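Right after this note come the structures.
The same chain A turns up in both complexes below, where it pairs with chain B and then with chain C.
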Partner chain A sequence: MFKYLFAKNEDIPAGSAAVFFGFSAIVWFVIGTGLGSFNAAKLAFPDFVTGNMYFAFGHMRQVHVHAVIFGWISMAFAMAMMYIAPALGNNKLWSEKLGLWNCMFWNVGLALGLTVLWAGITSGREYSDFPWPIDLYLAVFVFIPLALNVWMTVLNRKTQGIYTTNWFFIASLFMVIIVFLVGNSPEFFHLSGLTEAYLTWWFAHNVLGLWITPVAAAIAYYTVPKVTGNPLYSHRIGHLHFWSVVVFYSTPAAHHLMSAPLPEWLKSFASVEGVLILVPAIAFVSNIMLTMKGKWYMFVENIEIRFTITGCLMAIPLNMQGGFQQTRAINWYIHGTGWIVAHAHLALLGFSTFLEGAAVYLGLQTIMRRKLYSLTLANMHFWLLLIGFTIYWVSMTIAGLIQGAGKIYEVPYIDVVIAEHPYMIARWIGGTLVFVGNVLWLYNMWMTARKGTEVPVGRMPHELSYER
Partner chain B sequence: MAGFREYKVGTRIFALALGGSMCITLLFPASDMSKVSATDMALEKQLSAGRETGFNLDDPFLQGWNKPLGVELTVDPKTNQPMATAMTVYVYQKGTPFPSGILHPRVLGAGVQELSVEQGHIVDAKKDAGAVFAISKGVYNGQQVSYIDNLTATKGWTPDDVMHVAKDSDISEAGKGKTMFVREGCWWCHTLLPEQTQDWQVFGAPPMLGDFNGESPTAFGSDRKAPDLLHVGSRNSSREWMMMHFFNPRLVQPHSIMPRYDYLWGDKDASGQAIDFAKWRAEYDEYREGKRVNPPEVPSYASNSEIRGLIDFMLSLK
Partner chain C sequence: MSAEKKTYRSFWLILVSGMLTGMGNGSVFGAAMMCLMGRGGFANWGGAGMDSYNPSTFTGFVDWTMIVFGLAFCVILVVGLGGHEKLEAKQAA
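Up next is the complex of A and B:
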């Protein structure tokens, strides 16, 4: 990859940037889930690696979150955009060279950002923890160049219309830049008090709602029709999904602070809008499920489809939780408990990761024209992720319900901690399975690049049978 | 270039939809929240914590640099005469940045702003010279309102005057402590936000709208794995307990899952002796295995240690 950084744009093979992004994303996923497993071990066994500032839970928790969101998920998005946007525009990426540099700056900036977070240098704002110089760096060297590259690719397309996936890509890139700059504005302009607290959650909500959720869905709009060969069930439902994301998903930020002293009208409004998140969610899931018509055998046989459909199926409980847990009727019970932690992992590790995983599997095989090295390893990756995640989600949901009960029955807090202990151990086991699965994945993709069977031009990797 | 020729209507609707959503979620709440006046709690918090306790250029490594000191005054620093009632003042020594409410009095909200500017003379405070602040009571539109009083302007008390009469035990390094609270990620488990629905009995009164004006970051926390701390100083004011609990939480609470914060003691204890952490841990392990009857003694902390600030901050959370 590095040899192309200083090559002429025309001399860089198409897809180089996507490959660079793809492998970077997997490496960050291994790092991020490794940190997650480590942190979970500390919650289960508090004296595991103790007495050192750099291995204290409070120093490592945010590193896990940011490695996963800005390393794994966002880089997998960039990877998907770099090969899907041109594929759908029947053209080439606007600038491979910009893409490669974008990936370079991204890796460097993220490594720097995570290092300072690790040292405890933080803005003290959840999800926007990076200090403001890092925020500015990420805006200028990460998100804006990525957006420029994708926008120019779509503008220079050779097709007449723009396919659903690309609407989401270009709109989400626009929205994430706005969200990133506005959400971090309390740090740039030294805003304080409730405004700062509210903007913290405005950022946290919108980075999920206008970046992670729609882009993950957009990827499924590409992978499912592409791999199954079925056309998208309905573009009209795609429209409904797109517009309801823009209108409904951008408004409920205040529902993260339902029991905080925000203006009551704002909480009520956010809560109603929060339920309406079910509109894009149902539109998306039904559209994908109906696209699968006649090809359900691929859910069993094909690794990309299995990942994608599993992710889409997880969107059902995800959005049922998401739509209702933020209403006043339910939120008072589960707010601030492990239930929310389970929900956040259902969104990022369940729904979103499974869709991106499929895009990275498909993309790396397609661009490198190498068939997957080992289907067995891919199957193991899938099951380790799914079983590990399920253990995690179930144990944290139960722990959250215990915490909720402890909260309302005014149980001494230490009794809640004692009652949660077995679930903390289960959470650590689940997280470790996910980590192990990702290590296998990295090895599998590396071996695919080195030793995968060559895929002839014009064929899909899954159309080839294994020679081994 | 294919451009957006079929998408003229779509792009306009997109701008309208997103713009509308930004109005409702940013503009309206911001104008609503900016009308709220600061309460006593908000004034206390920003005066004790200083400008920012997250990353900022005055304290880029979150070491607690350039933070104000809270001082419990029992004698008048000018005349050295004992005062009728003790008062808490906040000392901003030369170069210590002022909190938002003093830099931008508008942040304090109607009433508090007017009194702080007109009677408290906060706009006269100069960072280069330092200043001493306190919370005073005044009357605005017939109502009693607390405001920030710049004692350097109204009484002529300079930071040096106050520090001259203050003993170490009168000084609170809560600003440094809040920095430690942010840096060490205490707020990943301990919220600073009793919830409005059911936390009254155990964790105390939930905060109100005006309790945060001028504070940054608010560090509410979202994932409560441990007790809420907004009023912890009212529940437990024992410095001794705090010291043992921070050094090794399992000394006072065997089931605690809190990490040990012994590293906040630094290298030396209160008497300037080097702390032998390895020996302490070995002895503690013996105690845990039942080979010792008592756990080893927790070293007393140096007055300039990080843990001192953190304990001061805990005790300031009333």
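Up next is the complex of A and C:
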């Protein structure tokens, strides 16, 4: 891959950047979930690895968070964009070379940023913990080149209209750049107090709402029709999904700060917007489910569809929780508890990871023209991910409810810690299953690249049977 | 894929997907209900040990709501997917 960095653009095979991004994403997923498992072990067994500040929970937690968001999730998005945008435009990626350098700078910047965080140099603002030079680096060398490449690819398309997936791609890239630059302004301009708090959550929520959620959904709009062969059930519902995300989901930041002395109208406004997320959510889930008409057997038989539909199903509890947990009454109960941690994992490890997983499985096989090395390993990956995640999510939700009840009943803190200990152990087991699944995935995709059966031109990988 | 294998896989998919989806919705319903009803006496917080599965306690009520909703969603999936399969079989015939 590195040899192409200095090659002429026309000499670089199509899809090289996507393959580079795909494997980078999987590697960061293994690292991110490995760190997550380690951190969970520290919560489950407080005496596990003590005495070294670099292995303290406070140092490592944000490394885990940033590795999965900006390593796994965002790089998987970049991978999906680099092969789906040209596929839908019936053309090539605008610049494979820019894509390769983009991936290179991304890996270097992220490694640097995580090292800095690990060393304890942090802005201390959740989800935007990177110090401001790293934030600027990510905007200039990561998101802007990616946006340029995708926008130019869509502009140079050979098809007439722009398919739903590409709307989401081009809009989300625009929005994430704005979110990155404006959301980090407290650091650039030394803003403090409520302004900093508000902008911190404006950043954090919009990274989820205007980047992760819409791009993950956009992937499903591609994978389901592509793999099943069914046309998208309704482009009009796709329109509704797209515009309602843009309108309702750009301002709910204050719902993270329901007890802060922010203006009451702002909190009420944010809360109402938060409930209105149900509009795009229901539009998205129903559209995808109806697209599956006549092909439901693929939910059981096909690995990409199984990943995609499971991710879509998770959008239901995700948005029911998300829509209502930020209303004042429920927020009073569950704010600051493990419930929120469970919900965040439902969004990132549940909903979006399953959709991206499908994109990476499909994309790597399609671009490399190699059928998956082992379907058994892929099935094991799916089940380890799903069972591990479910154990994690259920245990953390219940732990959160216990913490919330403990808070309301003013139970001594240590009693709450003792009560939730079994759930912390369950959380560690769940997280570790996810990590093991990802190691298997990395091996499977590596072997696919090396030994996968060649896929003939014009065929889909899942159409071929295994020869061995 | 054989019918037996498909049933086996469907069973696990329905169980996990149904429980997950239902428990998510149940958690919201249960928490909202508890907020509406308010707290009871200190002994009813239901946080420690098996008390968190005692439906008469504050926490236990929500936990049980989650479990019941989870099972209900599994039933919905069984009925829905079963009906769907019949429709598809009819179309195929």
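One rule holds for everything that comes next: the second predicted complex is superposed on the first by the 468 of 468 C-alpha atoms of A that agree within 3 Å, B and C clash if a C-alpha of one lies under 4 Å from a C-alpha of the other, contacts with A are read in each partner's own complex, and residues count from 1 in each chain.
Here is the rule we use: contacts are C-beta pairs under 8 Å (C-beta built on N, C-alpha and C of every residue); 3 or more make two chains touch, one makes a residue touch a chain.
Remember, it's a predicted structure, so these values are computed and weren't measured experimentally.
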In the superposed model on chain A, is it clash or fit for chain B and chain C?
-> fit
Now for A:W393: first (chain B), second (chain C), both, or neither, which partner does it touch?
-> second
Could you tell me if A:G120 is touching chain B, chain C, both of them or neither one (first, second, both, neither)?
-> first
What angle, rounded to a multiple of 10°, is defined by the Cα centres of chain B, chain A and chain C, with the middle one as vertex?
-> 100
Applying the touch criterion given at the start, work out whether A:I330 contacts chain B, chain C, both or neither, answering first, second, both or neither.
-> second
Identify the partner contact of A:P46: answer first if only chain B is touched, second if only chain C is, both if each is, neither if none is.
-> first
Now for A:M447: first (chain B), second (chain C), both, or neither, which partner does it touch?
-> neither
Pick one for A:I408: touches chain B only (first), chain C only (second), both, or neither.
-> both
Once the shared chain is lined up, is A:I418 touching chain B (first), chain C (second), both, or neither of them?
-> both
With the two structures laid over each other on chain A, which partner does A:P317 touch: chain B (first), chain C (second), both, or neither?
-> second
More residues of chain A in touch with chain C or with chain B?
-> B
Could you tell me how near the closest CA atoms of chain B and chain C get once both structures are overlaid on the shared chain, in Å?
-> 12
Shared contact residues on chain A - chain B and chain C = 332, 408, 418
The answer for chain B against chain A in the complex is residues 1-4, 6-7, 13-14, 17-18, 21-22, 24-26, 28-30, 32-34, 36, 42, 46, 51-55, 60-62, 99-100, 107, 182-189, 191, 193, 195-199, 201-202, 206-209, 211-227, 249-250, 253, 255-263, 277, 281
Note: in the complex, chain A contacts chain B through residues 42-44, 46-47, 50-53, 56-59, 61-62, 89, 119-126, 131-132, 155-162, 171, 175, 178, 182, 186-187, 190-198, 200, 202, 243, 246-247, 250-251, 253-254, 256-257, 259-263, 265-266, 269, 332, 335-338, 340-341, 403, 407-408, 410, 413-414, 417-418, 421, 424
Residues of chain A that touch chain C when the two form their complex = 294, 296-297, 299-301, 306, 310, 313-314, 316-318, 320-321, 324-325, 329-330, 332-334, 339, 346, 350, 383, 386-387, 390, 393-394, 397-398, 401-402, 404-406, 408-409, 411, 415-416, 418-420
Can you list the residues on chain C that touch chain A in the complex?
-> 1, 6, 9-10, 12-13, 16-17, 19-25, 27-28, 31-32, 34-36, 39, 42, 45-49, 52, 58-59, 62-63, 66, 81, 84-85, 88, 91
